[in-house]
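Please see the structure below; I have some questions.
A, B, C, D and E are the chain letters, set down in written order, and residue numbers restart from 1 in every chain.
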Amino acid sequence: MITQWFFKHGDRRGVIVIAFLVGIACLVPLLNLLVPDTSPLHVPTYLVSLLGKYLTYALLAVALDLVWGFCGILSLGHGAFFALGGYAMGMYLMRQIGPRGVYADPVLPDFMVFLNWKELPWFWYGFDNFWFAALMVVLVPGVLAFGFGWLAFRSRVTGVYLSIITQALTYALLLAFFRNDMGFGGNNGLTDFKDILGFNIQAGTTRSALFAATALFLALAVFVSGFIIRSKLGKVLVGVRDAESRMRFLGYRVDRYKLFVWTLSAMMAGIAGALYVPQVGIINPSEFEPANSIEAVIWVAVGGRGTIIGPIIGAVLVNFGKTYFTTAFPEAWLFALGALFILVTLFLPKGILGLYGAWKARRAADAAQKDDEVLPPVVKQSGKRVPAPEPQAAE
Amino acid sequence: MSLSRFLTIIAMLGLCLLPAAAGAQAVDDAKLKPLVEALAGDNFDDTSKAVSELAKSGAPRAAVILNALSAGDLYVSKTDKSVFLGVRDGSDYAATDPLSGAKLAPVPRSAAEKIKVNNRLRRDIAAAIGGLTLMSTDATERRSAAEAILKNRDPESIPLLDQAISAEKDAGIKMLMQRAKAAAVLNSSAADDVKIAAIAEIKSGNGREALGLLTPLAGIQGPVGEAAGAAISSINSELEIWNGIQNIVYGLSLGSVLLLAAIGLAITFGVMGVINMAHGEMVMIGAYTTFVVQQIVHASMPALSEYSLLIALPVAFLVSGGIGVVIERGIIRFLYGRPLETLLATWGISLVLQQATRSWFGASNVQVSSPSWMSGSFDVGMLTLTWSRLWIIVFALSVFAVLQLVLKKTMLGLRMRAVTQNRRMASSMGIRTPWVDALTFGLGSGIAGIAGVALSQIDNVSPNLGQGYIIDSFMVVVFGGVGNLWGTLVGAMSLGIANKFLEPFAGAVLGKILVLVLIILFIQKRPRGLFALKGRAIEA
Amino acid sequence: MKAKDTLLYLDGVSVSFDGFRAINNLSLVLQSGEMRAIIGPNGAGKTTMMDIITGKTKPDTGDVYFNGTVDLTGHDEAEIAMLGIGRKFQKPTVFESHTVEDNLVLALSGSRSAFSALFHRQSRDEADRILEILYTIRLFEKRHWLAANLSHGQKQWLEIGMLLAQDPKLLLVDEPVAGMTDAETAETAKLLRDIARTRSVIVVEHDMHFVRELDVKVTCLHEGSVLAEGSLDHVSNDQRVIEVYLGR
Amino acid sequence: MLTVENASLHYGAAQALRGISLEVKPKSITCVLGRNGVGKTSMLRAIVGQHPLSSGTISFDGSPLGKKPPYDRARAGIAFVPQGREIFPLLTVRENLATGFAAAKRGNRNVPPEVFELFPVLKTMLGRRGGDLSGGQQQQLAIGRALVTRPRLLVLDEPTEGIQPSIIKDIGRAIRFLRDQTGLAILLVEQYLDFCRELADHVYIMDRGEIVHSGDAASLDRPEVRKFLTV
Amino acid sequence: AEDTIKVGILHSLSGTMAISETTLKDTMLFLIDEQNKKGGVLGKKLEAVVVDPASDWPLFAEKARQLIEQDKVAAVFGCWTSSSRKSVLPVFEELNSLLFYPVQYEGEESSRNVFYTGAAPNQQAIPAVDYLASQEGVQRWVLAGTDYVYPQTTNKILKAYLNAKGVKDEDIMINYTPFGHSDWQTIVSDIKKFGSAGKKTAVVSTINGDANVPFYKELANQGIKAEDIPVVAFSVGEEELAGLDTKPLVGHLAAWNYFESVDSDANAEFIKKWHAYIKNDKRVTNDPMEATFIGFNMWVKAVEAAGTTKSDAVIDSIVGVSVPNLSGGSATMMPNHHITKPVLIGEVQDDGQFDIVYRTPGLVVGDEWSDYLPGSKDLISDWRKPMSCGNFNVVSGKCGGVTN
């Protein structure tokens, strides 16, 4: 039933990606757990958590592209939502430690004990319950995004002005979370997790399960984004990106549309953060660093903005590059990464996925040549790829 | 009662004069030698005792010896424990006899050890020398002597001070001596009315210093305590006012730093629309250029050392500007019309430049020194302003003025604006757009470079320098209103001042958070910044 | 005059920009079902008047009523559009990265809520309506083209199409025939006359042939207020209109 | 003075010009007509250098322009009034005019008095930002700005669009004046038939990227010519 | 070199921390080189595996895992900030590998797999405060730090310590600034104000890396002399001073366990070889380098003693291992995985070096669980069998982390 519906409504590429993600969600854990170490097919645990981390980044990138690629809202602060989701999860994991902390306090996390907190602050209440924490994972970024977006979109803050205040937001949160007084462990953050839902967080099976969960959530995000983009709502968003005020003259409440995707995107970022934390084992304020958010933007740009798959490719590729380069040329890897960014911009203006688009366009052009009819440069109907003209900055 | 007290003072003065009188007689070197040798004592207490004895001895060379000790030029031989004045000379010390001043045979470095001094000793020495040089013919020596006594507040120096005050011609030094005397009096067991007069004397001086001298007295019962208390509260209320002034002045100073950091970006981003993430690295390159220029000047033209910053200014402009031109021609020019991609490319450039600097100059800080005209501070009322900050304010405003002139009054400025508003049409108007683009980006980068020269005076010069400023710079440009130089100026200054007013009661961290929140809220009120351009022209 | 029973009612409207009075005590009344042509020198304030009606510019003083009772100055652009006021801009503005067809889909009347947009499925009626409009604006062949790739005149047409799709009660049309051939101009005049049978229209144009073909009451604005009003012959014989606008 | 030979132009895969040839003689007004989207603007863009040709040549004063960038063409004496005005929105009217100095000779770096005679409104609005002007005022500014460069060939893309009738008349007079007095050659793309008929020394009609008719102004009244301009 | 022992080096070579950590990477390469000249360890050559965690804490965890699982290193030397250590700690525990951490830190940690060769607060902060109180007669204290865990904890400990010594709260000013703070005008002026209450005042600075240069520049420019208000710092060493003109700063202090100016044969030789290795006479040495040196030698010695590089064996053999330090004594690995150190107080000289003005008479044992924090004063750590516990509560008699 569902698959039927799905094949009818999803476009082909989206379906392939989702199928692929579901596939690796099953396959990677199997190869990790069941295939013996000696086999060349074995996926080491190291790789499982590494891939898991990449996929959480990919999820963040998909969330970011939803607002940037399709709605023209360049967020330089999406890392904040990611981090908040991560903190919500981290708080749950902290509470799970219970009396197993170094100070053996049944309630207070270690950092509170040694900083002399007497009781659990109110905002930590409830985080011992997984479902409450899971709710907070989407609710905290969601509510923050909603409040922030409600103000900003209503006041018609757009373009770089919006970008910079998102940056201010994440920067302010960075400074705030750095403070021990905030009750989130200061710069050391939350760490030393023991288990999640009763399973040892370091066990291979747990890691595999987390990986699978990440892949499935990413698949879900691709599905949801795809659904939105293909809907009329998606067209409205693209219209807003191109000519916001014109959209208003057609009667659309632009601020509500923006608020909807913005909040949704923040929630997706929150989920990404929540999946990230148990896999890397720590959440600390550096996740709020503006540079992290900018990096996420760069993944999207590298992969291809305004596509659903591009961000995934970009996130995985750039982070794989980082993993590889930092080991292969630890002293010169920034040259390699920097050059990669420069070359992608110069030679792949539409990102890596743009290569594919260009190739398709060329095929279409060849076909057109035969027709001897002036054919459209871009053939499109399904909304698969929407080339983005640039919002005019500073004019 | 007051008469009897007066008499006691006279008597005390007489007593105090005795050692000075004794000091006036020549003492033979042989007697002094053990004193000098005692300077090399095992611990600071012994040395300290030797210092005061040496000072009291009144030996003509005592000041020389003590100065040398304080400067770390006094050595003790490891073999015979003799003490000598040494100057490093290759692997030896060129040695001088401390008492006679006669040249001695050079001592190998390994055979001698420096006599160590710590802060307390340095203080003791300064006070001791103060007593010795209060009558010096050199005005600066007299001044520092008076300052030393003011700090040390030794009642024993009162008679000396009296003598010096009556002989002093320089009004400024005289005042200082009087204050030193007042401080010493407060520290003595003088009569209440003498002390109250001293309190008045102290109160007339530097407020902070006065507070330091008076606070301990405030607790005393009786008229002295009351007088001190009254003086303290009057100083305090004056300080309140000065606090406000200080916030504004420091705010302007912080604002100038922000302005300098942001002003180049106001061109590359504000005017050209390039989201220039490499802006900070241009600043950094300017700072490193300063470093290199200083190295060269120190090495080859030491006479010009004081002015190496002035030499660095044009060089930094050219270096950063040149690199800017290369970046524009090599990369940015392919990206006009897609400003968001400039973010990606310039981020890449910034990574490369950081790493290049790291590979070239090393990962750690390099040292850029300050010329004397940018060191130290001066007081205006109860406000301390450092020269470096003052020059930076002046410099930032001048850069702003020049830039404004270039943009608004020159043909080049007009062309820059035309090209960035509509490159294609500008070209059709006969404007050589590639040229103008390169020059504009070069100008923005060059200005970032000279900002780097100024920032090298107050901040780290490290490969990370630029990263520390990039966020603030964007914040300033956007807060002020993109494309409006006045906005950048006013934006920088208001952020600076807001920061300084928030800092005292919220603390630096919360203050900074509050400023960020204020920016977010402010943009809601003015979605296009402080100096928003209005009208149809924007949508056109 | 009373605002009641009118479709659009402007009274004593003024607006200035940095001290420059673009609209000066302007009063204008449009009955429902009426089509009005507005002429006037460049800079007379015609576009600004439309900006005021559509909520883009807030007047400094004066009343603006729609449908007799709705005070337009209290609504924003989207609300005014939803009240049934559609607009074609002087400089054609279309959604460049949407196809011609999607431009029309977006303009098509119907619910504007985000929720319904998310689950919207195109109905037969809507599809037919779009086809009809595509034929009307002669862009059927180009329906899958990105609007960015249209020529200037084609964008003009597309914008007219969007206005039609919006199906508003009141159409504000700013210089619709600029850049059209004479034949197209005549065509457009016919189209507008057709529309005006069921709706109200305000047309701004400098093309006198076109205005003549519309054959409606004409208002000539000058320096932000009404200079002359009446039939085209009446207005074009007005000495002042000739002086400032038509020339000799 | 200007010859276009066998010019073709593509936008990506789409061909907008298909082997166009035309000529503009000195001291003459050449008018190009055609329906929407037939390639008029594309041809002008090729002439002023804003879009490259895919084949064919354009020569000015006998020498081929080749890949010369727009600013060199402007400096050689080709001035352009584009469709859609393209004035610099944030520059004042005065500054907009001053951008033309770049292409003018050193001694000519001033606004010729004809500009203000022709468009008196510009004189009163010198300090206002170009983007704030009304559509028609912008169009006037665009023409004025082109004249500041003291061109030898003036290329105009639908210059009467959005301009009030009296000024259209003035523009017509001015164009004729410029041709007669200064020997300016004019290439004019128009939809406004009457305007063309009155002014043109020579007309071309374009359809689907090709020149389908070439003749004098009077030829426009022939029905087989007219058909190219109907819907 | 087919059969080598791999050693991981996990220091940031880019990003904000590169400024400090790059030198430690060089130090490790230098030490490995020296060791290989001596024939390596267990007859095998050592092979360094260098990675760049880029000042990015999750990347630290990723790289740690990679070093251990993929490269199979025998031990890892690395980390600078506590955040980075916290992020790799679970990895080392899970994979049972060894980390040698060479930087002074806030304490409150003891892991079976980590060896803390830098100072705990009691090996740096408390002796420094004692020195100022006794030698300089300081009665009023400014505790200025960057707003993060290390300064906050250190200051908490110091405040408790000062209070215990009878210093009143009004004589303690605590001030925090954000990371990378560069505008110190107000704070320096506040310090001046605080110092003008007639009591001898000193600043105890836990200001972190980047913020120090502008802080000292402002201090110098506003004319705060060491004779008036001395500043004693715990994070400012020779490397940090290299970026400063120290003439106006003469007399300000730092507390460390090593200074380049230490007069000992071991140090002289170390510096000579270091300069030869790095081919630059101007490169300074500093305390974390010494800690790295000690940690490395302890590891070598423990491996030789155990006869294997296997973690469990090394963990068992390393406690009690004693190696020479660079200041003429020796350092011993204690059961709590912290080491013994002398505490040195140095005054800044105009050549960018420190003059040692004080040295603790004996060695101080690193105290992982501070006696001045209520939550940890009852805890001790002893990784020797059979206790093998990092947080044994002497009151309840239980090992906190393992049993309930």
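As a working rule, a residue touches a chain if its C-beta (ideal position, glycine included) is under 8 Å from a C-beta of that chain, and two chains touch if they have at least 3 such contacts.
A quick map from chain label to UniProt name: A, B = Urea transport system permease protein; C, D = Urea transport system ATP-binding protein.
The shown structure was predicted, so the numbers you read here are calculated from the model rather than taken from an experiment.
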item	value
Between chain A and chain B, the fewest steps along chains that touch one another	1
Middle chain, criterion being Cα centroid separation	A
Chain of greatest Cα-centre distance to chain C	E
Identity of the chain that, by mean CA position, is farthest from chain D	E
Geometric centre distance via CA averages, chain E-chain C, whole Å	74
Between chain A and chain C, centroid-to-centroid distance (C-alpha), Å	43
Geometric centre distance via CA averages, chain C-chain B, whole Å	66
Whole-Å gap between the CA centroids of chain D and chain E	75
Residues of chain A engaged with two or more neighbouring chains	175, 178-179, 245, 331, 334, 376-377, 395
Set of chain D residues in contact with two or more other chains	11, 14, 89-90, 132
Where chain B touches two or more other chains, by residue	354-355, 421, 467, 483, 509, 512, 535, 538-539
Chain C residues within the chain D interface of the complex	17, 20, 40-44, 46-48, 90-91, 138, 149-154, 156-157, 175, 178-184, 187, 206-208, 244-248
Residue numbers on chain D that touch chain C, as the complex places them	11, 14, 33-37, 41, 83-84, 121, 128, 132-137, 139-140, 158, 161-170, 191-193, 229-231
Chain E residues touching chain B - in the complex, by the definition given at the top	13-16, 18-23, 135-137, 147, 175-178, 180-183, 185-187, 189-190, 192-193, 195-199, 210, 213-214, 217-218, 220-223, 226-228, 230, 239-240, 242-245, 248, 251, 253, 347, 349, 355-357
Interface residues, chain B side, partner chain E - complex	44, 72, 114, 116, 118-120, 122-123, 126, 151, 208-209, 211-216, 246-247, 250, 253-254, 257, 354-355, 358, 362-367, 369-370, 375-377, 384, 386-389, 457-464, 467-468, 499-500, 503-504, 507-509, 512
Chain A residues within the chain B interface of the complex	74, 148, 151-152, 155-158, 160-161, 164-165, 167-169, 171-172, 175-176, 178-179, 245, 290-291, 294, 297-298, 301-302, 305, 331-332, 334-335, 337-342, 344-346, 349, 390-395
